[in-house]
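Chain naming follows the written order as A, B, C and D, and within any one chain the residues start at number 1.
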Amino acid sequence: MVEETVSLECNQQIGTNIWLMEFRSALLASHAKPGQFLMVHLGERTKDPLLRRPFSIHGIRDGDKVMILYNVVGAGTSLLSALKEHDTISSIGPLGNGFTLPRPSERAVLVGGGIGLAPLFFLAQALQKDHGHTVTVFLGFPTSQQVVRIQQLKDLGVNLSLTTEDGSLGIKGVVTDLLHQRLGNKGTTKPVIYACGPPPMLKEVAQKATAFNLRSYVSLEGYMACGLGICLGCAVKAAHGEGKPYYYVCHDGPVFPSGMIDWEVL
Amino acid sequence: MVEETVSLECNQQIGTNIWLMEFRSALLASHAKPGQFLMVHLGERTKDPLLRRPFSIHGIRDGDKVMILYNVVGAGTSLLSALKEHDTISSIGPLGNGFTLPRPSERAVLVGGGIGLAPLFFLAQALQKDHGHTVTVFLGFPTSQQVVRIQQLKDLGVNLSLTTEDGSLGIKGVVTDLLHQRLGNKGTTKPVIYACGPPPMLKEVAQKATAFNLRSYVSLEGYMACGLGICLGCAVKAAHGEGKPYYYVCHDGPVFPSGMIDWEVL
Amino acid sequence: MAALPDLSVDIGGLKLKNPVITASGTFGYGTELTPFFDPSLLGAIIVKGLSLRAMPGNPPPRIAETPCGLLNSIGFANIGIEAFIEEKMPLLAKIKAPIITNIYGHTIEEYGEMAKRIEKVEGIGAVEINISCPNVEEGGIAFGTDPDTAAAVTQHVVNNTTKPVIVKLTPNVTDISTIAKAVESAGAQAVSVTNTFLGMAVDIATRRPKLANMVGGLSGPAIKPIALYLVHKVVAAVRIPVIGLGGIMDYRDALEFLLVGARAIQVGTANFINPKTAIEIVHGLTDFCSREKVSNINQIIGGLKTM
Amino acid sequence: MAALPDLSVDIGGLKLKNPVITASGTFGYGTELTPFFDPSLLGAIIVKGLSLRAMPGNPPPRIAETPCGLLNSIGFANIGIEAFIEEKMPLLAKIKAPIITNIYGHTIEEYGEMAKRIEKVEGIGAVEINISCPNVEEGGIAFGTDPDTAAAVTQHVVNNTTKPVIVKLTPNVTDISTIAKAVESAGAQAVSVTNTFLGMAVDIATRRPKLANMVGGLSGPAIKPIALYLVHKVVAAVRIPVIGLGGIMDYRDALEFLLVGARAIQVGTANFINPKTAIEIVHGLTDFCSREKVSNINQIIGGLKTM
């Protein structure tokens, strides 16, 4: 975990409200694990918005280029999107625990909803390149304009299926439909599930995992003030019997085995 | 007085902490008078700094390009300096009263300290181009790195003399030395004085004007929240006998006949 | 086309076509911003605070910026109630929105005196009593921190006018509910929450306060969360309408105040930054209601879900 | 080379090598930020507020951002004083800066009980009493708004420890001077000014409060001008040292508090945004003093020019 001031190599809009940012960091490129995140400062010139913003590491490119894939949803991400090449930002990372990789014998199914694709790309990179796993990726988006990074995913050699809610691309429906179908296929071996997306989607993934008795890891979001384990802001309710009332997303997560979380209140 | 969203044509550093900004506005170019100012918004993406910032109109170029010359001194001007070509800002103007031009028979002496040069350039433009006056410009700067816009002033055909406090360019000293010398020259006709710069400089100009019984106009600064005459923030103490305790820089100024101001408390 | 949502609200008998009011001291004497929009389109206009006699205001610097905030120590610079009635009212009377005068007295009697003079003036829809101005030596905030004094001032004004009386509360108290209840009992038809917070700033280069008056009143987005909490608290304490203000910059901020129960809102500091703020909030609320299928703004007011 | 300026200050008998302290609840249990700098270089470290027994804290969302501010309703989540002493103190004892425990009790007796337990623990330099936490149902802020109760809590803690006792005041009162004087008389060796301001925020999309707890405490740059004013006011009211805090982001902010008379300052929310803030303030103050030829920081403290 270090604080680095990095200079942007690129910061481009690649979909409706979706941007891709890239900067060089030898340290992150060599030390970061898929699922870990960064706390990004929005610039020295203003105190509003005040807090850093958490972003997953989207992937590593060309050896030492770190990518962030982000949705412009509010003031902070809007400020980020205004940054140009050569502008500098301060980033703290890598933070959090990252995904537990599957055992060599296991298959991995990655399930992403919308911008939940962000950390899964990095995971797919790691699984394909370093470990040679068979990787299946299911992605769901509201509409085709938000479907991004597909070619790059395909280039990794994963099995990719898509849904859009309006049917403008891929299968019409939501991404958990794909998961349901896949798990229904009697013949195939039990996969490990890795999911990131909106809470209702994660909840459904967690239920499926329980129903099918699968290991599943979910990457959660939470309102974070620090990302460093010192503010205790990012609480999520732990499942009954975990021995503690809350987990902290930045410190205990952001990736959790889905059984650790109390999905009733999420 | 209108609110316009303008797109920057250029925003460049031209000296130590000194920047020149340019944007097109047919309205300002045709309606603004020298000495008038704009209230510039620092961008929609942040609320800090909160207030607009006042800047004199530095001049008009190529028909409809409006120039602002500014010193980067704090958070607001630092944000401005980060804007790039094609970025947009909101400006309200033209505001304030502007300089009262000399009668055709009168000579004008413009006295500028540091960034006080900003409104004087526009005044020189107007005096030379539209009225064919004989214009003398005295400028003082701390050091040569802050001496900017000299060639452009010369191109207007004014008589220009310079001081720097460290003697690195022009005459070593302060700009009021030049004024003192000029006023000492018995032969020449009495000029009208136009001054902009730090308060101590303006105070000295005002004293000289009184001593030599000259008309003199000073452009004042003041802390402004609105620039529109509604906050009553920008008070300056009126001279005794003015019939009111305070003038308001945005509404009654920013240009004042120097006799209207109580220089004791400025 | 669907009918436009009904934004009208009732503040202690005063009918407003929409809940957007300009705050005292931030909209001049009411007509300065007409180059930007027609003030007749607003719910109401509260003019610069007035005192019995003209006041010069404090020496400069009178304002200082703080993070997302503005400190001011204008010191109640104003032309006095008589000059206002004679010089400003004729123009203001043409505006088709109620004009509300904000009055400030050095003594309880002065408040009553001013209420009397206003009583006869046509076009003035209500009186807002400022018992919370931090920028003057006597009176002002002192009246606003003690429930008994606040009630006495209110009562005195109520006795001297038939117009609705709105009391503007100070946030600089331990329990704003007590003060709100006291002025309600004394006959106030509404309360405005909140005036500015006492604050200061120091210039480290000169080692002097940034305001000549040392202390000033803090306004702007910085105070919004505190103001919102105070409005929430007062709404729970009184039955009269609460007008919410403090840091409102756009219709979203306005909605936050309406949701916690403010019957109307005031726009202050935002007028300085974007002179069209008030009218943009009117439009923003209209669009929001249309989008969310809210036919009447009263369905939003107090609509905070808490379970 | 000129000698380094002397930044050391004395807080009620506790010697600090510099006036920079980390604020409770914003620096974890003291060692979390060691990857960024060595906490031994700070004046002192105040750890996360502790209660007699572990507390789970409030349900999420616990934080919400506001303009230049942070609302939190952590709800005093902590491991309890015993676990702190056993699990955290061994590591903390290695830090070469005084550790100050921040304690919070549901009853006056609990405060005394905690003071007693801390009394025997080596490495704890002082006790800061939190009578101003807005995020819990019982006790907390209620203790801090009434001078008599504040004094009673203080007295009880003072009677149960020989360590310096610092009382952390709440800003949510009409007259903070009265409270400050009351705890001074009750034996407090210093006061910290200020804890957070009560505030709230509403999500207009869901029409719900942004905090599950509805109300939270506001911190960060937004509150700086109010905090500075309160420090100024308390400095004038008491003789014991005042520790200033509220929105300090850099050494310039710290200087503002020192100039109005704070003997030391605390860094809170800023730790989240730049974890090196505290150490950068130490360096900034050192450089400032060198530049301005100030040999001892005490020449700055209270050095505001007001004429």
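The rule is simple: a contact is a pair of C-beta atoms (placed from the backbone, for glycine too) under 8 Å apart; a residue touches a chain by one contact, two chains touch by 3 or more.
Since the structure is predicted, the reported quantities are computational estimates derived from the model, not experimental observations.
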| item | value |
| --- | --- |
| By number of C-beta contact pairs, the top two chains | C-D |
| Centroid comparison with chain C (C-alpha atoms), farthest chain | A |
| Euclidean distance of C-alpha centroids - chain B vs chain D, Å | 46 |
| Geometric centre distance via CA averages, chain D-chain A, whole Å | 36 |
| Rounded Å distance, chain A centre to chain B centre (Cα mean) | 53 |
| Residues of chain A touching at least two other chains | 47-49 |
| Junction residues of chain D, two or more chains touched | 67-69, 220-221 |
| Graph class of chain-chain contacts, one of line, ring, star, complete, other | complete |
| Partner chain B, residues of chain C touching it in the complex | 25-28, 32-33, 35-36, 48, 56-57, 59-65, 67-70, 72, 74, 77, 220-221, 249, 269, 271-276 |
| Residues of chain C that touch chain D when the two form their complex | 66-69, 71, 145, 172-175, 197-202, 204, 206-209, 214-215, 218, 220-226, 228-229, 232, 247, 252, 255-256, 259-260, 303-306 |
| Residue numbers on chain A that touch chain D, as the complex places them | 1-3, 41, 47-52, 90, 92, 222-226, 228-237, 245-246, 265 |
| Residue ranges of chain B touching chain A (in the complex, touch as defined) | 45-49, 75, 78-79, 82, 84 |
| Touching residues on chain A, where the partner in the complex is chain C | 47-48 |
